[in-house]
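Consider the two complexes below, in which chain A is the common component and chain B and chain C are the respective partners.
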Partner chain A sequence: MTAVRPSLPESIRAALAGKLSPVAERWKSFSQTRFGSVVARAFSTNAAWILLLLVVLMWLFNFLAPGKFLTEFNVRTMAVNVAVLLVIAVGETFVMATGGIDLSVGYVMLFAGVTSAQTMNWGGRNPTDSGWDVVLLGLAVALGSGLAWGILNGILVAKAKVPALIATLGTLGMSWGFAEILSNGQDIRYIPSIIGDMGSARYFFDKIPLVVIVASIVAIAGAVVLSFTKFGRYTLAIGSNQEAARRAGINVDWHLIKVYAMSGTLAGFAAFMSLAIFTTTTISGHANDNLQAIAAVVIGGTSLVGGVASVAGTTVGVCIPMVLFSGFTILGYQSFWRDVAVGAVLILAVYTDQLRRRRRERR
Partner chain B sequence: MADPLLQARGIVKSYGHVEALRGCDFDVYPNEIVALIGDNGAGKSTLIKILAGSEQADEGEIFLEGRRIHVGSPFEAMELGIETVYQDLALAPDLDGSANLYLGREIMMPGVLGTLGFLDNKAMRVGARKAFGELGVDLQNAKSAVANLSGGQRQSVAVARSVAWANKVVFLDEPTAALGVVQTARVLETVKRIRDRGVAAVLISHNMRQVLEIADRIEVLRLGRRVARFDAKDATIELLVSAMTVGVAEEGAA
Partner chain C sequence: MRIRTVTMMGLALITVAACSGSSATTAPASAAAKSYNLTLIQGVAGDPFYVTMACGAQAEADKEGVKLNITGGNKWDATVQKPVIDSVTAAKPDGVMVAPDDSKALLSPLKAMSDAGIKVTFVDTKLDDTSFAVSSIATDNLGGGTLAAQTLAKLINDKGTVLVVNVDPGISTTDARVQGFNDEMKKHPNITVLDIQYTHDDPTAATTITTSTLAAHPDLAGVFATNVQNAEGVATGLKQASNTVVKTIAFDAGPKQIEDLNAGIVQGLIAQDPYGIGVAGVQQTVLALKGQPTTSVIQTSLAALTKDNVTDPAMQKYLYKASCS
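This part shows the complex of A and B:
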């Protein structure tokens, strides 16, 4: 009855098909090779696209500001600024992989930094010349503080069944308040010089900062644990279908507590790294750490509903806001353009994730 | 007849004011397919959940091979050799078939790596291919997430998962509800294979034709009690329907 009108004239379509089909053919045969199937699979995830975006952005800024953006100094500065955030984002990746969220990380980090610094300043003494015993004690207190808040988050979420958004919003406020109370809102500026030296140390021909190496190790370890161990498998299984995990005999509550405890402990470790870099507690500097970490995780392709997560993606997701910030600053734009751009990238990341899910469900 | 493998006696379960089971009995004999039928709300799913450990009975006793058992959790049921294929497919959709098959029972790497928690994905994939092969399921892409599979393949993964681990009883709650003709035949074939391996299969189904075709015995629930038991060869659809809707005063009298 109704004549089907071709959307493109037949001749043009045929010509297009003729032009495109060799490309499509080549892609098809390529995607069947061993390497090709890896590439094809990689581009079915967000991580690869986001990495492409990062490379394009870096190329673009380097093109617009030649000799200014991709300098050794600027790259190193960006890497140091990203290191602390990467460590808490790795923990956040695991939390979000379970389908949860940890809003408290930035302020738990602040709390851990304050308790650690105060312990090292115990009795009003100046710890600048302290030895390794004091440094290790400070590290232990930072890790312990983070662990304690993490366990509390985990118990609230897993046992008390308080939704993660609210539980960690609550501990956000509490850890923030305690940090301010303990420190009277004053930054603690005396940190053992050993710690400060670690913060400025560089290795590999004096090129790569120690904090960047340490953050990379944390990220690689996180990626390995998520992909190759039982802990990672259970984390994804719980995020994918908590009831299925429970029925399979996994102790879901205990596992959730462990995941939140890990996130808290990493926040404590990040606090120690922050002390090393800035040699002060930087009380006012953590207002957005939690949201930045969550944005990085989501940009990196970790699903908001859990079950799908990638530490590699998170690593790229941490870098993109930094590259935007640095790029805009070098080009002389207001750095707030970064926030605009990050917001847009965030929405795009979640939108493409939704698209993929819908396509999958239609099958 | 041999002694029952699994027995439930006087199971009572209420949800608030709703009595789902009111003194329900149930028997499973070794090497049989027993169909559990009943109208909606008769208590089939509740009974299965209690026997599989995901719900606790308010009253009543459960015996396995004559021994009284307490099934406090699905995990305890599994340890007793009782597995369940749930109506709502208890799979993790984002994980692949082999990860789902081995979920909760992962094969670890040998040696130190295993102690550190590293998975032996290769061994699990080999095991999965074998388990799926036994069911005639061909998962073309073993690394593909279960969510990417068709409904039938997903059901096959769920069935394979239970069959692979059960050594006493497998419960199947409407295993073919969402399936096409070919897949249904395949799942039913699997249920027969379960029995031939010496494991009892309990099948919940609304499809009377299917029940008569595959089951050795049929037990009928009505309003939270067992009201009838049939040998499949003596049963007809009319008999089953009348037992489900009107009830038969067989219990106690027999």
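This part shows the complex of A and C:
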């Protein structure tokens, strides 16, 4: 009988297995405990692996640029720079969980920013010294504008049965156009100083910016709603199998309108946050916010066809491109390499998620 | 599968430990004071104006023996430039030359950069508040607008309808050019200036605006394009409409604009000296780092290029490059 020599990877595996088997045994018994099984389940989600990727990237950049990347200043500014995108991405997570997509978010944000700023400038008086009444009115207008576009999106998708991609592409153009018409193409550069102060305020020993706290609250609320409420469950059910959800008695049309309305309202809120950070409207900006939000949601493990979604994953997904952006800039690489890296990570993240999904289904 | 899980988790724990460990160390203090680290933050990467500025800055940096890093967003967008500015601040260079994309929105990140002890110099565009900057170096954009208006008025025999194609309001340079142009045109009663159009620095928008305006005003006599991207778009629009009557004055002299000038598609170019701006930017920043006196406002020169004088040796420095070699 001829002995078959094991191939190199097999022998490496065997050696590794030999070394690690006592550890594996410990892990097996640990994962059967209550706490251990929670940890094991956490690591079976995509969010955990994406978080691992984020940690590895941060470690890598810290190694390559010590004392520059992982400073309090840089971590804080990175967090501020993703706060607005995170709020939009939470809304986008819900929309994509239903199997839809919302391309209009960046431009609805633009529109909401314009209407809000114009309302606060009403009557031609300089709003810089305005009080809380004007600020709250501006916030209400921003939320209302976002809500209006969101409802329109929802009606188009649910009632008129226009495919989400097309419907939101249409509202993208319309909201941008209206924003330009209302503002005459000019940024509105005077907003109440209270708002600007909120944009730069920090709490908890002057360390955590208010906008980051607010974005975190939105993300946590979104995660709770998605995982623990009926609203969230219905959202995932619709994404998983719309017809089955309908037959199970869920009012699919009405629910879809609610989901798109939520996405629009969050875009309106994000607009107000953007006003706080930049102290002016930014009409020429936000061009790629929709695609960045979708990329973040997909990196985070939400399925493009709906049914599976994770707000925790989206939160990590929002951070990864920013970490790459900041790390590459600090290291002094040409700007365009950043874009290459973010695109590559997006594809890699989706690919590994697909692999894991397929392996899970096979078992 | 178990093994893999264990290995991955072990890796995670190690990385977390490494993170908390290494973030406690600080970078060693910079060595010789002579070799400063400077960074140039362009208004937008890839624009021939800013490429030429980078060439000038690099040449001056090599001459003075300082290190220069060049970066910029891929769009003219304050929301894209803010993370760039924040990351450059985190990288702790000694000095930064920056062309802010918006005169108000970027006040807070640039103030933070200055508060961190980094010398800030404005090149080309600037903020409304320049109190904390070492120097503001730009072309006399107001004068450039006036020159453009005078040249265009002469080309169209001092009567007709003209269109201004601008980028965005709130950009200090283009705003000044438009103001100079409008103020000068007020002195020409037979010229009607149409409502100003904005392109968000997108050449395809400029093309569409040009062709639509031609459709609405077939008697259009002249166009003023306020920067490189707009000039490209306007030229394409005129070519698409097969129009050879409209006289175009464009700001900036990129390689494509020089081609268009020679081909007769554009009749005049108001060229800045971005190379000179880059050189002056590095010079002022290094002076500030050495503790020597600086000049708070520097205006670099302009030239009106036409088909006749574009080959003059004196005019060569006004021609922008697409790459430094």
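Here, the second predicted complex is superposed on the first by the 326 of 363 C-alpha atoms of A that agree within 3 Å, B and C clash if a C-alpha of one lies under 4 Å from a C-alpha of the other, contacts with A are read in each partner's own complex, and residues count from 1 in each chain.
Here is the rule we go by: a residue touches a chain if its C-beta (ideal position, glycine included) is under 8 Å from a C-beta of that chain, and two chains touch if they have at least 3 such contacts.
In this text the structure is predicted, and so the values were computed from the model without any measurement.
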Which of chain B and chain C A:Cys319 touches, first, second, both or neither: neither
Comparing the two partners chain B and chain C, which touches a greater set of residues in chain A: C
Which of chain B and chain C A:Asn74 touches, first, second, both or neither: second
Contacts of A:Phe228 with chain B and chain C, given as first, second, both or neither: first
Which of chain B and chain C A:Ile88 touches, first, second, both or neither: neither
Chain B versus chain C as contact partner of A:Ser240, first or second or both or neither: first
Contact footprint of chain A on chain B as seen in their complex: 54, 73-75, 78, 84, 86, 90-95, 99, 103-106, 108, 116-119, 121, 143, 145, 147-148, 150
Interface residues, chain C side, partner chain A - complex: 2-3, 5-9, 11-12, 15-16, 18-19, 22-23, 25-27, 39, 45, 69, 71-80, 82-84, 86-92, 102, 104-105, 107-109, 112, 116, 168-170, 198, 200-201
Residues of chain A touching chain B in the complex: 41, 225, 228-231, 233, 236-237, 239-241, 243-250, 303, 307-308, 360-361, 363
Contact footprint of chain C on chain A as seen in their complex: 13, 16-17, 20-21, 23-24, 27-28, 40, 43, 49, 52, 55-56, 58-59, 62-63, 65-71, 73-74, 77-78, 81, 185-187, 189, 199-200, 274, 277-280, 282-288, 322, 325-326, 329-330, 332, 334-336, 339
